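In the part that follows, the structures are each spelled out as structure tokens.
Shared chain: chain A. Partners: chain B in the first complex, chain C in the second.
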Partner chain A sequence: MIQHFPILAIMVLFLGAFLTVLCGKNKVLRNIVVFAAMLASSVFIAFLIKPIMIDGEVITYWLGNWSPVADYAIGICLVVDQLNLFFAILVSVAVLLAGVFSFKYMSRDDTLEKYFTLFLMLSGGVMGLVLSGDLFNMFIMVEILTFAAVALTAFRNRSEGALEAAFKYLVIGVIGSSCILIGTTILYSQFHTLNLAQLSVLLHNNLQPATILAFTLLLTGFAVKAFVVPFHPVEADANAAAPSSVSVIISCVLTKAGIYGIIRIVYFLFRSMNLAPLQFILVLIGTLSMFIGVTMALAQKDFKRLLAFHSISQVGYVMTAIGLATALGVTGGLYHAINHTLFKGLLFLCAGAVFYATGTTNLDKLGGLAKRMPQTAALFLIGAFSISGLPPFNGFVSKWLIYQATYEKAVEFGNIGYAFVTIIALVVSVMTLASFIKVSQSVFFGQLPDEFKEVRETPVPMRIPMWIMAALCVGAGLLPQYMMRYLINPAVYAVMNVGNYIGSVMGPGYAEKIAGQTVEAYSSEFALAGYWSPISWLALFAIIICAFFIVSLSGGKLSKKIHSDSPSGLDPKYDTFFSGEANEHSQVGGSDLFWGFKHNLRHYFDFMHNAHSGVISDYALWAFCFLSFMIVYLFIIV
Partner chain B sequence: MILFYVLIFPGFLFCFIAGLLLAGIDRKLVARMQRRIGPPILQPMYDFFKLLGKETIVPRAASRKTFLIASTIGLASLVATALFIPIAGFSAFAGVADIIVILYLLTIPAVSLILGGAASGSPYAGVGISREMVALMSYELPLVIILLSIGKAVGNAMGGGITFSFTEICAYQMSFGPIISKWSMIPAAIAMLFVIPCEIGSRPFDIAEAETEICEGPLVEYSGTPLAVFNLNHAIKMFIMTALFTSLFLGGFSTGIFALDVLIFFVICVAITVISITLLRAVTARLKVEQVFKFYWSVVSGLAVLSLILVWLGL
Partner chain C sequence: MSTSEVNGLIIVNYIGSVFLIAIGFYTMMAKKNIMKIVIGMGIVDYGINLLIVSVGFNPGGTAPIFTINELDPGTFFVDPVPQALTLTSIVIGACVTALALSLVIKIKQEYGTLDAGQIRRLRG
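Up next, the complex of A and B:
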């Protein structure tokens, strides 16, 4: 029975999409169908945790029961090993929470049956991508999710820029999908099979020029999906235009799907991660994404665009960590992937809540919302501190792993370049903190403009997924040992040990028979520096804070001495000090903060401003230049 | 026992006394350098207790809870940092600490100041917090490079590549002498001496609390107990940063009597304060925001990178 759960998890999402079309006009029925579909999918994935993560099995499901004949895999298969399940858990959590959020959030839009249909198709496509074991099946799922995402980006087609953003996403997305298709075709023509496990064995030590070209194309295609530099401008446009629940999926889930594809290509299919130049290029792309993402984010005026650039930066962290090809690096990368989904999802949901309440995401127009929406402000701060990597939230743990991984790699390989990667990563972290301080000052603190004096707190149906995500953020930060033991370590083991996967899919002994040797495993040993026990930290903090409250309470009747304004609000003692200026002339807009920083880097920002021209032909040109460069580079190094 | 560490030594009470004493000595010496008499050395303590007795006014536009809690968060994280830095070789939670954790803990007081300013609802505070953030970004880069180079230097000598643990650094200094005696670490020491005034926020790098330009920046709407705690944070930060410098670069001495060790440690902290904070404060004017950023990312980072490269080459 449990064999069928992978296909059921995917099927139930598509079935939900089709049923939503049928019963679309009836709102209650439609909501029930959508919720049931997402919940069922998550439940199926949850049931797979015990056998796969804890017991270490790998579940292989051949569609239509077309098992391999004479060691030749013709049928389509779904394979769920620890890495697949890791990403499937990530996808199902994000989809469920974003979906529940969108019930209330989208209630002011119309034609919602189309929205939910597309949403379920998107979720089904991503779930299919992370669970499939067959290259062409992955391509099909990539196509489904690309088109669904494009349509959802344009969903609010009356708002300015939505159609344009969707068009740009379409162009770049199709470039990526085409690369994947051509790569798949080349591999099929060489080896007459599309099964990942079988290809992995047949490709071992058997690289010809055609397969190197296929490697490049596949790598570029999935890099486009992950929106790393230089494909990143489109993600900013798409995330700014899409409804926030869809932005969660685009920036948190689709980018992880791209990362999953890259891991499968380099670690499994081509098993070439022990080549130092390949590690170098992946780390370089990751580092560039980190830096460019965060510096561009500091210059943004729109809330969701800023969050999208931070997504690019955090995916750069994941890419850097995965490119290191050490067990510690992959651990840090995977941990950061799931942390990013959690905190970035929370931040996008907060942006959605602000948009729902005020109708704008322009940082210059917002301000002072913490007084009217205190819970949203608190949730936003949790997300902001998580992404900046402050203890005791989850970002700290994963970033610490990444810093340690890059610095140790620098030491192990005597290459000081990786030490600079550590430094850049730390500086990017501080700049991330800067950017979120700017956002919180512009949106939640500061002065409340007159038009927002009547906004209300986010409705409860929208707040519940946000609280759940915040709780997961805090939980992942406080209990990293459980996360590592049950989620991350099995996935890292799966990444480093390809033989397990191949043996389960094609039958044991296959690899030895064809390739004449057993599949070697990378070393998965690592030791964490220092002893990080967040529970003891939190206990320490709590003790200290308690101590202070005791001291301050005993030092004077604190509550009596704190004076606030009278309810009628007229006593000038409680005005903010303006040194004589009138109130309405004194608001410091969001884009005016960090003037000094932007002034110093003005040459860099001018260059970036001109480079991000918004013309889609430019972005496509970058994509093709990157592709050509990678082709030449990989031919040289292999 | 933990309660003793948290509340008495090296926690709250010790930091309170040491920090406020350092602040008082600094004020007195600045005054003397400027041919004034200056306040008594215990003046910051008098100020603290005076402020505790004053009325706390919460402005209408402020977010009340954040406004009141922000200072306590900073104080809690500073005391937590004090528990991890080895004071005269003794740290309350040895083996748990790492340099990266200290680095992150040190950003929390700055973030608490930023939160407090953001919660005030005042435009001066808004400008002040963005300047504080620029200062944070400026000094984080050289600080990171300095800590990485120390980690590598100690790791080289103790075998094992790198170390991030304070206990190892102290053990290294016990056997090999203070780290500053390695000539390749002297640029890093000078860079750290520049990082200290920026982190504390004293002239010429006090762009955040610029009294003449933005009316105290983040603290403009504060009064009473929260203001007392913020001033206390400022003083304790002086102590923490100089203690960090001493334990990283000038450790390795031990007379055997713990109380005497602590006293000598404190005297060295005073000396560092005089060199890096007081002297600069007495004779300079405030730099502009972009000048601070440029200075830290070019000169100070350059010194730190020089040390990193020298250490990497094995010198």
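Up next, the complex of A and C:
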């Protein structure tokens, strides 16, 4: 009975998608169908938790009962090991809460049956991706979810930039999907199978030029889906233009689907994480995403676009931690993945609530909403504290694990570069906090503009999913030992030890028979630095204070270049003000809280602003440069 | 033609498919007209389809259509799996093109241009 649950969890979502169209104009029936589909899928996933996470089983389901004949897997299979289930839980939580939120949030739009059809297809696509045990099926699911996400991005096609964002997302998405498909084809031509478990055995210690090329293409393809650095502008555009409930899915679920793909490729399919240069390049990509994401976020004027850039930054943390290839690093990465889903989901829902109440997400126009929307403000603060990594909330736990993991990596390998990663991670965390101070100041505090005097708190059906997310954020922060025991540790064990997966799919002893060797078991043991150990805290504060000093000292030196008579047509707010009345009234807008900091680093910010030119050809060029670089790099190191 | 000659000729398919993929990728990054970008996406797709179907080719193999009685260990046929993959990929490619073209129509109505250099309200 239980082995049918994975396919049912996918099928009910697709079934719901097509039944939604049949409901026609009957709103109540349609909402019931959508809710039932999402709930049923979550319940099926929840039933899998006990056998897989606690008892340690791996469930394999062969569609049409096409099980392997003579050690050759021809049929399509779904495999649920602890890692798959970890991501499936993450997907079903985010989909359920975002779906419930959208019942009320989207109620002012028309053609909602199409919205919910696409929404459920998107959910089904992601669910299919994370449960599939077959490379080509992963490609199909990637395509389904890209289509649905593109169409949903353009759903409010009257809103500013929605069509443009959707088109850019489609072009970059097609580059990613093409890479995945070419990689799959090359692997098929070498090994005549598409099954992940069989490929993993055949590929072990078998890196020829063809498989290295396939590896690069697959890695690039899933990196596009995770929106790490050279592919990030499309995510920012898409998240800013899409309805908030869809932004939750794009930012929290689709990026995680890409991360899942990367983990499957590097840890499972090619088992190549023992290569130090590969670890280096993944950590480098992650660190760049972290830094570029947060600095771009500091310069944003739109609430949702700012959140989108933070999402890139947080996915950078996950990528960095995954790239470390230590048990502690993977633990931190997966923990941060689930935390990012919770707090970023909450923040996007808050942005949706603000948009629902006021009709804008422009930070310069908003202000003082805490008086009118106290609950949304409180929820936003919980999300903001979580993402900035303040102690009692969940972001702190996972960021702490990542700091510790990068630092231990530096100590273990005697490589000072990884210690720099720790420092960058800390600085990025500080800048995240700064950026959220800006948002809370310009949206929820400060002066309430006259046109928002009559704004009302969002309706209860929208607040319920937000409160649930907030409760999960606090829960994941206060009870890390339970999260570890039931979710993270089994998943980390599955990442580090691939033997169970292969044994479950191809029958026990397959790897030994074909490759003539056992699959080595890696240790997933690690010592955790105490959360409340005073010495560690002292070190943390010392580093943070150093970071502040570096920022403020560099600011102090550079600021001497500004003169009161600065000609150059700069905004008068950059001038030194002595006394008397200014001729021109200079107003610091809500989005401009850190204008001094931004002014001092204006060369960097101007460069980044110009680089994100909004021209799709440029973004495509970045993508191909990344692909070419990865091909050259991987051929050199292997 | 002998088997080895056919076997040698299949390299033409691989060269052709890589060539198509390269042209498509070049079009996507070098052309500013979004219509041409969509065409580039289509060309990449055709290149990949050619690549997949060439992978399944066995020189001298027959079409993979048999009843269960005709199958014996000596039957030699081309690999049917890549053909199934190609069909799926063609369908997906058609969907991509349709979705992209519908977006292009809407963008043309909204922006009044097809120049990617002017379709950049979201930037920075």
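Everything below uses one rule, namely that the second predicted complex is superposed on the first by the 580 of 638 C-alpha atoms of A that agree within 3 Å, B and C clash if a C-alpha of one lies under 4 Å from a C-alpha of the other, contacts with A are read in each partner's own complex, and residues count from 1 in each chain.
Simple rule for what comes next: a residue touches a chain if its C-beta (ideal position, glycine included) is under 8 Å from a C-beta of that chain, and two chains touch if they have at least 3 such contacts.
Note that the coordinates shown come from a computational prediction; the quantities given were computed from them, not determined experimentally.
Of the two partner chains placed by superposition, only chain B is touched by A:404; chain C is not. In the superposition on chain A, A:65 contacts neither chain B nor chain C. Put simply, more of the residues of chain A are touched by B, taking chain B and chain C as the two choices. Contact with chain C, but none with chain B, is seen for A:174 once the two complexes are overlaid on the shared chain. Of the two partner chains, chain B is the only one that A:596 touches; chain C does not reach it.
Using the contact criterion defined above for the overlaid structures, shared-chain residue A:377 touches chain B, although it does not reach chain C. Looking at the shared chain after the overlay, A:389 reaches chain B, while chain C stays out of its contact range. Under the contact criterion defined above, no residue of chain A touches both chain B in one complex and chain C in the other.
Contacts from chain B toward chain A in the complex involve residues 2-3, 6-7, 11-12, 52-66, 68, 72-73, 75-77, 79-80, 83, 95-98, 100-101, 103-105, 107-108, 111, 114, 118-124, 126-127, 129-131, 133-134, 136-137, 140-141, 144-145, 148, 151-152, 155, 161-165, 207, 215, 220-221, 224-225, 288-290, 292-294, 297, 308-309, 312.
If you check the complex, the residues on chain C that touch chain A are 21, 25, 28-32, 34, 37, 41, 44-45, 48, 51-52, 55, 79, 81-82, 85, 88-89, 92, 95-96, 99-100, 103-104, 106-107, 110-111, 116-117, 119-124. On the side of chain A, the complex with chain B involves touching residues 368, 370-371, 374, 377, 385, 389-391, 396, 400, 403-404, 407-408, 411-412, 416, 419, 422-423, 426-427, 430-431, 433-434, 437-438, 440-441, 444-448, 529-533, 536-537, 540-541, 543-545, 547-549, 551-552, 555-556, 558, 561-565, 569, 573-579, 586-588, 593-597, 599-600.
Contacts from chain A toward chain C in the complex involve residues 74, 136, 140, 143, 147, 150-151, 154, 157, 160-161, 163-167, 170-171, 174-175, 178, 181-182, 185, 188-189, 192, 194, 236-237, 240-241, 299, 305, 609, 612-617, 620-621, 624.
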